[in-house]
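Shared between the two complexes below is subunit A, which pairs with subunit B and subunit C, respectively.
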Partner chain A sequence: MKRELANGGDERKYHKSLVFVCIGRKSVKSKNVNCPEYVMHFLREFLLLGPETDFQVDNKTTCLKFKAILVSYLNLLLSIFSGALMKNNENNPRIVVSVKNLSHVFSSRTGEIKALENISIEVQKGEFITLVGPSGCGKSTALLIIGGLLEYQEGEVCLYDMPVRKPNPELVGFVFQETSLFPWKNAIDNVEFPLRIRGSSKEQRKCKAKELLDMMGLGDFPDKYPYELSGGMQQRVAIARGLIQNPQVMLLDEPFASLDEQTRTRLGFELLRIWSQMKKTMIFVTHSLTEAVLLSQRVIVLSARPGRIIDDIAIDIEYPRTYETMISERFAMLRDRIRQLIAETEVSV
Partner chain B sequence: MTEHKYRIFAAQCLIVIGILVMWEGAAQYGVVNSRLLPPPTVVYSSLKSLIASGKLWGHLSITLLEVLTSFFISVPLGIITGLLVAKQVYFRRVMGPFIYFLVSIPKSVFLPIFILTLGIGFKQKVAFGIAQAFFIVAINTAEAVGNVPRELILLGKSCGANTWQLYTKIYLPAMIPIVLVGVRLGMIFIITGVVLSEMYASRSGIGWLISSWVALFQMPELFAGIFVASMISIIINEMIRLYEKRVSQWRR
Partner chain C sequence: MGKKQADKISHARNTQIAIVVILLLIWEILPRYGVVHPIILAPFTSVIMEGYLHYFNILRHLGTTLIEIVVAILIAWVIGLTIGLLVGTNKTLRELLVPLFSSLYAVPIVIIYPVLSVWLGLGLQAKYIFGGLYGCFPVLLNTIAGVQSIDTQYITVAKSMGASKFQTIIQIIFPLSLPGIISGIRLGAALAVIGVIVGEMLASSEGIGFLIEANRTIFNSAGVYLAILISIGIVAAIDRILFIIEKKTVYWR
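Here is the complex of A and B:
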């Protein structure tokens, strides 16, 4: 088995090993140990992670030790023999998120509300997809379920072939609306929050947070509190925070909903820049069709409650997308088509 | 801006001085009976002699001890109850109505019962103080939990925070401003309750001093006592308010 892993340098094996590391690290993290760079290097080699993979252990202060290696090794063996990770998506190794026949029911005081019905989505690595639909169609609910923040009753949701049962902070980064910044923390403390929860060292946190703030063009405002920042700047902070664990998948729940049109478009382009630079998989929820068509490669249209997928539209407009894209004929056509689809489902309610 | 503040302060000083001058004049020139309303100068001199004699400090420290004991018992108790009310559905369904009913009853009507069951000593004062503050702290805490934005909690969970981290790193800082409003109100209620029960039946404390001065018709001492009691509660209240301001700067 080990040899097979060593030989198979293809995409699929690559993904699998990434998951193994995460399992390994989970059990290691709580022990809070330190390890030198060479051990990390060995780990990287041993687990067949490419040089640019998301090991998520910083170069300065690493948190693995020899014991840790053993733990990850055992976990690796365990995962291989249990075969749990091998069963799904054998035919398509590039699938990062797979949702199969997902249904979700909210129970409220007035009875049960069916939020999602029979949703199936497959998202490939590096894809930018958007969920749109009339308000209350459950698109945010779907996102929360993929992120492991909401338990689901029916169907199957997998991240890298692993069933989602709880939040996966190392694989998934969330960006919510601007109210999601901690108002009592300044920009840099907001950005480093996920690392603080994970228990990283102070300098490591500060260093990474600074880097991301710089990348988001907020390098000059690390000490500003959310109320001192404009809505657009607040969302840049929120994006930086979503990125700080270097997750594979970014889940964005109407991140620009409360921004004005211009800021919204500008931040959209910013997001595209990050997406193409960092090769993340993006799942974006919005109610703005312009935004959906402008940003994504695929738009999934949900019906009014209970949310069902009524169409899956490929946006075949070339990247990089610019302001010119927005005035092109193709753009208008696609947007109108989606608008029509949504209007039809609303009428039928 | 600073000039503006300066002018406000000057006007406030003028108001206070004006009142004192009018008071002094009215008492001196016989507009009011100076035995009922002694002029500020007389009150001041009796205040000085009270402080010099040291009689005041003994009683004041007893009152303060009662107040602080009730405070440090009722606040944690109230916060825990508030959290339970907000977070435990069963507890809320069962206890919620009682707490909301009890907060609306003036606790003073229970004072005789407190005295009958607990006597007129330290125990009774503390118990009565707790009864005054507990409900308001509990209700404000429950309210504060409901006001924590859902996104913050979701974000905490998405970062893999455990329950302890959720409470210490998200709930607590988000709730503190509203909880502190309850705590400050609770403190005012405690002082009121303790002083009231001292005036009602007691052998010591600033409240008892004041009521005995009333009984003996010692007006200058009475006014001095009122002044001291007011100053103490203003200082305590302002201290909590300053802290409140510091930790809730972000609330604009």
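Here is the complex of A and C:
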């Protein structure tokens, strides 16, 4: 079976280069090797993650993980000998996060608390959705479950068609609510930390971290400690840290909750800028309806505990959104509608 | 620093110095003028004289003691820290062992010495194991307490980055529990020193503790007080060093 690839090369060549890469795995794992672009393309095609996944490529050298190579090699063998195509995501509309009939119960001192009841959410690639609802409705719980930080009992939660059982830091980045930065590390050490525990080399880490800090507007403060930074700046560092492994999906749990209104809005716009630049899938949880309507394409409204999905509202205001958006009629109407929905659920409980 | 503050500090300093000088004067005068028998309280100058006359011998004993102290402190810290981190991060172990350790901590360690000296003999080894054992309990218990005091949010953050249990303990739990650990380390060092000196007092032929005991038996009070002063000096010096280190490491609080 011959497959034609984008740059017109043929398969045998790829086969050989992969063999080379596999045999030379030691050098791949510990050093940076020059990897031809077609091999990268090839790997992307065959891995389940989809064509746009970045392998932490930078311009000069490429560092490949052995597991990825092995998987793709095996896939290659399979496809050659069975003649079947590997699962290709191009046919379905690329559903990234799929939650089906999820229910979750906490056991506490006072008995069992049902946090979520039968919620189903589908998020498409590159979408920006927000979960809102009254306090205690389980939106943070849902986010933790989607990210693999909490084990769920009933239902199905899938990320890129793979069931979620534990955190997948290369696919999912988290930004938490209060300061989650490590106080004994400065900004750049905080940002590079996820790469450090995954074993990246020092230069690579520092380089990438500096890049992200520059992108977040903190290029002048890499060696400041969290206690030396304002709340807004701390959350910028937290966002940079969430982005460093270049995950496809970002989960943000009320990241701006502890900030003042001005900083909150400003950081919201920054987030939108990052979202449109990097084309990530964003799932945002917030209490603030203004924020929800301002930032996202869809707002999913949860009821009071036990959290059920009341409605899924599409925000059809176009991007880029600005301060003007906040004073428009459509904005106010959508926000009030959501507020009403929430008020109704609070009353009925 | 404002002038008022500087004034206050130098004022406090002066008071401290004044108190010490007065105490030294009392120490000197009381025995010399027969208020207290010189055997009970040797005059300060005679203590100094004793040191001057026998300084070489005393230095030799001091050397032995210091070596034992360093080893004992290292044993106390390493064992206390390792077990502390392991137990602190593991719920079942914690519930099982912490009551046990707390009770053991309360037992006066000198009771164990007879047993230990039978097992380990009377050489240097016994002293530093004794000191190490004595010092490891506060390190252990404070490490566990330090680990307990961590905000679990940080653990969640670590998990979200895909850190393994081992990485989480070393890179995150350890720095975060450092305040508790350091106070344990300071206490552990002090106790290790005491353990070593007491061990020397009970059964030894070398060291500062031995000097205390030997001089006691011949009623050479000057010698006794000298050795005691030296012991206090050692503990104070070590504690001071650790205090400075503590200030440097926990700057982020």
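Note that in this section the second predicted complex is superposed on the first by the 261 of 349 C-alpha atoms of A that agree within 3 Å, B and C clash if a C-alpha of one lies under 4 Å from a C-alpha of the other, contacts with A are read in each partner's own complex, and residues count from 1 in each chain.
Just so it is clear, a contact is a pair of C-beta atoms (placed from the backbone, for glycine too) under 8 Å apart; a residue touches a chain by one contact, two chains touch by 3 or more.
Here the structure is a predicted model, which means the values were calculated and not measured.
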Worksheet item: Should the pairing of subunit B and subunit C on subunit A count as a clash or a fit in the superposition?
Response: clash
Item to complete: Examine A:193 and indicate which partner it touches, taking first as subunit B and second as subunit C; both and neither are also allowed.
Response: both
Discussion item. Is A:323 touching anything from subunit B or subunit C once the two structures are fitted on A? First, second, both or neither.
Written reply: neither
Item to complete: Give one of first, second, both or neither to describe whether A:106 is in contact with subunit B, with subunit C, with both, or with none.
Response: neither
Discussion item. Contact-wise, after the overlay, does A:184 reach subunit B, subunit C, both or neither (first, second, both, neither)?
Written reply: both
Response to the item:
Shared subunit A footprint, subunit B vs subunit C, residue numbers 147, 149, 167-169, 172, 174, 176, 180, 182-184, 193-194, 197-198, 225-227, 245
Discussion item. Going by the contact rule set out above, which residues of subunit B touch subunit A in the complex?
Written reply: 149, 151-152, 154-161, 165, 169-170, 173-174, 247, 249-252
Worksheet item: Quick one: in the complex, what on subunit A touches subunit B?
Response: 144, 147-149, 167-169, 172-174, 176-177, 179-180, 182-184, 193-194, 196-198, 225-227, 245
Worksheet entry | In the complex with subunit C, residue positions of subunit A that touch it | 147, 149, 167-170, 172, 174, 176, 178, 180, 182-184, 193-194, 197-198, 225-227, 245
Discussion item. Quick check: in the complex, which residue numbers of subunit C touch subunit A?
Written reply: 153-154, 156-157, 159-164, 167, 171-172, 175-176, 178, 252-253
